[in-house]
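Here come two complexes built around subunit A, the first alongside subunit B, the second alongside subunit C.
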Partner chain A sequence: MTGLWRILLLLLVLWGGMPPANGSAQVDITVTRRAVQRIPVVVVGLQPLQLVSGGADLAARAESILKGDLEFSTIFEVLPPVFLPFDSKEIRLGEEKKVLPSLNQLKVQALVAAYLTKQGKDLVLEGRVYNVPRGAFVGGTRYFGDVKALRTMVHRLADEVVFRLTGERGVASTRIAYASVEKGATELYLMDYDGHNSVLVTGNRSINLSPRFSPDGKLLAYTSYRDGNPDLYLLNLETGRRKKVSALPGLNISPAWSPDGRWLALSLSKDGGTNVYMMGLNGKKLRRLTNGLGISVAASFSPNGRQIVFTSDRGGSPQIYVIDVEGTNLRRLSFQGDYNASPHWSPRGDKIAFISDRGGGSFQIYLMNLDGSGVQQMTTVGSNEDPAWSPDGRHLVFSSNRSGTKDVYVMHADGSGLKRLTRSALNNFAPNWSP
Partner chain B sequence: MAAKGRELKGKGVGSSMTRWRGPLWGSVFFLAGALLLAGCPKKPEVQTGGPGAMAGDKMTKGAPIREAPLRPGEKPSALKDVFFDFDKSVLRTDAKQTLENDLQWLTANSQVRIVLEGHCDERGTNEYNLALGERRAKTVRDYLVAGGVDSKRISTISYGEERPFVLGHDESAWQWNRRGHFVVVK
Partner chain C sequence: MGEMMERYLTWPLLVGVALLINACVVTSEQFQALQQDVRSLRGDVNALGQGGVIGREGGQEGEGGTFRQTGAVARLEELATETRILQGQLEENSYRLSEISQRLDETEMKVARLLGEPGRPGRSATAGQVPVPSPPVPGGLPQASSPGQTFPPGVSPVPPSGASQPLPPRGGGLSSPQSPRVAIPRQPVMQGSLPSPEKVYKDSLTDYTKGNYDLAISGFKNYLTFFPKTSLVPNAQYWLAESYYSQRKYLAAIREFDKLDKDYPGSTKVPSAMLKQAYAYLELPGETAQGQRVLRELMAKFPRSREARLAQDRLERL
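Now for the complex of A and B:
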């Protein structure tokens, strides 16, 4: 291929879908912008590495994880090697600058050079990030770990790339907690954000529900029936220490963390009805937020910690309400449909994700503005529940029964990029995304 | 009420020790419920744990039955479950009839203590259903207490949608899962 052809092909890719017709100009502009908004990036290096001859090529695995992370971020568009005027695998450590001018011609914004080598028992992953238009080295990191840690190392590198090029914190190293039904029990698990490496966190063979990461990611709040009653627990994910923080008569459910990590909002039924309360992490300083004999559950804080959105049936059916943390200024946000629930405030603060039956029958995931306006439907297939935001607000995780059983799925905040994360004969649900 | 958590403590809810008995009891409850809702005149023949138990198991073989874990110490009784409409915790006419019979039995067996479990079908959110199940259990309790049963004999617990009675994804299963379930503990 000549250089000119490559550029033409590339432009076609970047401006994909733009028809040559000069008719609906407005639509064309939107499509073009959307595609171009992603930063074109090229990944080079990652020469084949096998630990034993005939074994799996770990570098190829790393490359596919890295490209998957960068694409899923919605920040980058990873250029396929076919568009490059050189073989991406032939770039050796330290040679990266040679290819920057040709990449600049292709309008590539960033170059990620990654190298996987063996050092004793460990793997070493070296990542180098370049700003292509400036022809400058932006930064780099070396990661050390054994073969089992390869995915983790690559996820770290992906987040480093996101940070170096945007200043944002990536989500490739985040995890998702969820509940999983097993024979006679519902246990909590943690998995990587891409569905790999799931680990059991409860294992008490009772019912465990509603896992919620603390804002610093160190604690997991959840409800467990391990002692018979649905009580609220805090599990320290670093030490494995578990503490029962609320075991009042009746329900101790549906926890939510205040953004400063000092308070939990939870639902208690001790006073008749099920109401939202605020509680310190030691179970003390209990303060009632909602009143009445109805149901108020599923609290979620605004990012500034001043308001709480929740589900309540005080109007006769489950609907979404918002209230100040002082217990004042109660307002109803949803009016359409007989069942609106599971509100989750976006970390950017501008949207609330929720589920609704307004489309008839099944539950779908929707977004709305803080005043209840601007409702957008995000799912259409099966019945969908438990929407929860990624910490960067770019993605949503949720559960869906579209495949027959309930499983955990992720999608981008515009509804695209759907990916199934769990697979099992029984239900997986109640996902919550770590910071 | 404060002792509720302790009453059930360490009794291995859903443990492997008790699980094997599940299908049998599940069938019994299912059949009892089925006959109840159908208004079948043979109702007295099928009592939970009574002589009709094996026949019930046979008859419902192949039907979508969910194991219902028994707590150790749980005894068979003539108490029958009550069923609710979707997202409702008000007692239907048939539920009140059932509860009148349950009241008679509880009055005649005044030493018996019970746990009332509130359950929901799979529709709706898990957290809302926990609260709905709680309200169903308390509704049944209040009815019994109003009928003269000492409130100290009754404790309540909600399992929301987490312990479905019948597996399935349509009304034929859901109608059995929206229930107030009696467990005799002593």
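Now for the complex of A and C:
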């Protein structure tokens, strides 16, 4: 049960336990509002559906996924059925409007009605969204697919709900790329944003690192030692075709996409030192941004594509720096701790996530403002690395050894809602969130 | 009484600033001397390397030459490390200096509030007491509401200036007349709540980073208008110009970048501003000569800066 409903329940209990108001008794109740106000929603429908007698209830599975998606969005708070004055599973397609008045009394803002039915060999998922205070139908959609596609269908419905009610793009249909160490090799995988449906995308039995989705989600840039040298590749996720785009002598590592998808920032060591360069997608138009014999890596673009944040030891220890894409206006952002690295610029533009070792020999994830001020520690347990933002800037994905092996975790941007995504005995790390 | 209080509050900060400035100057000198040493040693190593090649070609390579070369390389690496460490110290000193300057801004605002001198000339406006811009100058820029910052009723933010204003005559720039300066308001005050300078600056910088350039321009103009003496003013001026540059409004960008060098010649952002001003000129048809001139001026003024190297590269590609 989430916070708002706990408060509501507490108030009801307090109300019941109080003596009747007689004019002489005065009780002051102070309710502290949660930092982030979520939109109360109710999910109805999803009557049980089994493909074979005694089989799993697919509707229950869909309901669980849908509610999980809506809750994880940090936008909605799904009201538990126990608080409803009706049985949520009794609501049939077309009957939604009759429950809107009672939901309005409960201050519910939105009703999501979902129905899973069988049509031949396919499943049909139909979703309808209502604005409760207005008593108005907001929109509806229908998805077809087989059992294997059920998770995808539900994720899409969740994103549709987010879009219809907020105008934002949801993240339920996004994916996360990550690296996994197995049998001496480091391979790259893709999985759904909730950790399901993991698939191998490299499989060359070499070392593959730093997966980075292009802004349109069609390409994956990564570094691979497949041919001996750490070269930079682009993998077309639709066709499966790979292309080596940078194979200069030395390192070709830590790629970052410009927001318009036309440029890659990467680190090269061809000229002595390891410096940040910008490069066209064909490997041409190479332009050096940083200088010196030190190491400058881990570039990440600002949302407007005009600045790059990166890690450099040009000041004697690894610290976070920002530079304009023309290679000018270099400035340092981190001044606390001897080791600050892996910066990632929020798509909302106002925060930079990074890691820092501030004693104890372990890394923790921090956020800071664009001028380096307002540093907030986001993790405390184990060693946590590789922070990367979700496309809506509401969540962070990262790797952590808190459970023994390195695994991929997600959390909300306020540090709450921690969730482990990978559970294999392997080390899983370097996650990157698709658009 | 009020002046004594002010002195009491600001004196330690001023002493701190002076000490830090002193520390920074010493560090800068050491840093430049080390850079010079590194350059000199690089030259020696190169010369030795060439000597070695000649020696090998002539079959006369001696152990002494190799030993000297190895020693020079080791010394070079040592100096490079020292240079990096000093670079780091320089960055930290600059950061502390900037922090102290901002605290000084805040302290002065508090002192002004305690003294009941909300609109004191010379420092920023006081929270709760809002300076009101002068009425629009006849024939001047039109007043426009700011979509980015929420200013109290009666307070009009500075309107965004259009890109059509003339360019500044930097040493014989474009043949247009000198641009009219944006009307800087006098400092009458009114009751109301004004966001802190820090908030206005940070919000504007976030707008810039998101690509909301019109909001950023409006915000930075408000910052320059309402907090004209705070330590981040040169930075705000830079980001104002950069916002125009990002919009490809090169005429306006040139004009605003020009103010960095003219109004805040000690700012660390001057080399960047000059470089981008030159780049902006080079984007305009028929202004290549102006761009080249600014690049050369930059190289002459800041010969050891990274911007000078970028200017050299650009000149070579023209």
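Keep in mind that, in the parts below, the second predicted complex is superposed on the first by the 398 of 435 C-alpha atoms of A that agree within 3 Å, B and C clash if a C-alpha of one lies under 4 Å from a C-alpha of the other, contacts with A are read in each partner's own complex, and residues count from 1 in each chain.
To be clear about the criterion, a residue touches a chain if its C-beta (ideal position, glycine included) is under 8 Å from a C-beta of that chain, and two chains touch if they have at least 3 such contacts.
Being a predicted model, the structure only gives us computed values, none of them experimental.
*Asks:* Between subunit B (first) and subunit C (second), which, if any, makes contact with A:T186: first, second, both or neither?
*Replies:* After superposing on A, A:T186 lies in contact with subunit B but is clear of subunit C.
*Asks:* Touching A:D371, do we find subunit B (first), subunit C (second), both, or neither?
*Replies:* In the superposition, A:D371 touches subunit C alone.
*Asks:* If we overlay the two complexes on their shared chain A, which of subunit B and subunit C does A:G327 touch? Say first, second, both or neither.
*Replies:* Second partner only, subunit C.
*Asks:* In the superposed model, which partner reaches more residues of subunit A, subunit B or subunit C?
*Replies:* Higher number of touched subunit A residues: B.
*Asks:* Report for A:Y130: first if it touches subunit B alone, second if subunit C alone, otherwise both or neither.
*Replies:* After superposing on A, A:Y130 lies clear of both subunit B and subunit C.
*Asks:* Classify the contacts of A:S317 with the two partner chains as first (subunit B alone), second (subunit C alone), both, or neither.
*Replies:* So A:S317 meets both subunit B and subunit C here.
*Asks:* What is the contact status of A:Q307 with respect to subunit B (first) and subunit C (second): first, second, both, or neither?
*Replies:* second
*Asks:* Contacts for A:N291 in the overlay, against subunit B (first) and subunit C (second): which applies, first, second, both or neither?
*Replies:* In the superposed model, A:N291 contacts subunit C only, not subunit B.
*Asks:* After overlaying the two complexes on chain A, where does the subunit B footprint on subunit A coincide with the subunit C footprint?
*Replies:* 313, 317
*Asks:* Per the contact definition, I'd like the list of subunit A residues that touch subunit B in the complex.
*Replies:* 183-186, 205-207, 209-210, 223, 225, 227-231, 247, 249-251, 253-254, 267, 269, 274, 295, 297-298, 311, 313, 317-318, 338-339, 341-342, 355, 363, 383, 385-386, 401, 429-430
*Asks:* Write out the stretch or stretches of subunit B touching subunit A in their complex.
*Replies:* Touching subunit A from subunit B are residues 1-2, 4-16, 19, 67, 69, 87, 123-128, 130-132, 134-135, 156-159, 162-163, 169.
*Asks:* So in the complex, the part of subunit A that touches subunit C is made up of which residues?
*Replies:* 291-294, 302-307, 313-317, 319, 324, 326-330, 332, 335, 345, 348-350, 369-373
*Asks:* Spell out the residues on subunit C that touch subunit A in their complex, using ranges where they run on.
*Replies:* 80-81, 84-85, 87-89, 91-92, 95, 202, 205-206, 208-211, 238, 242, 246, 269, 271-272, 275-276, 279, 306-307, 309-310
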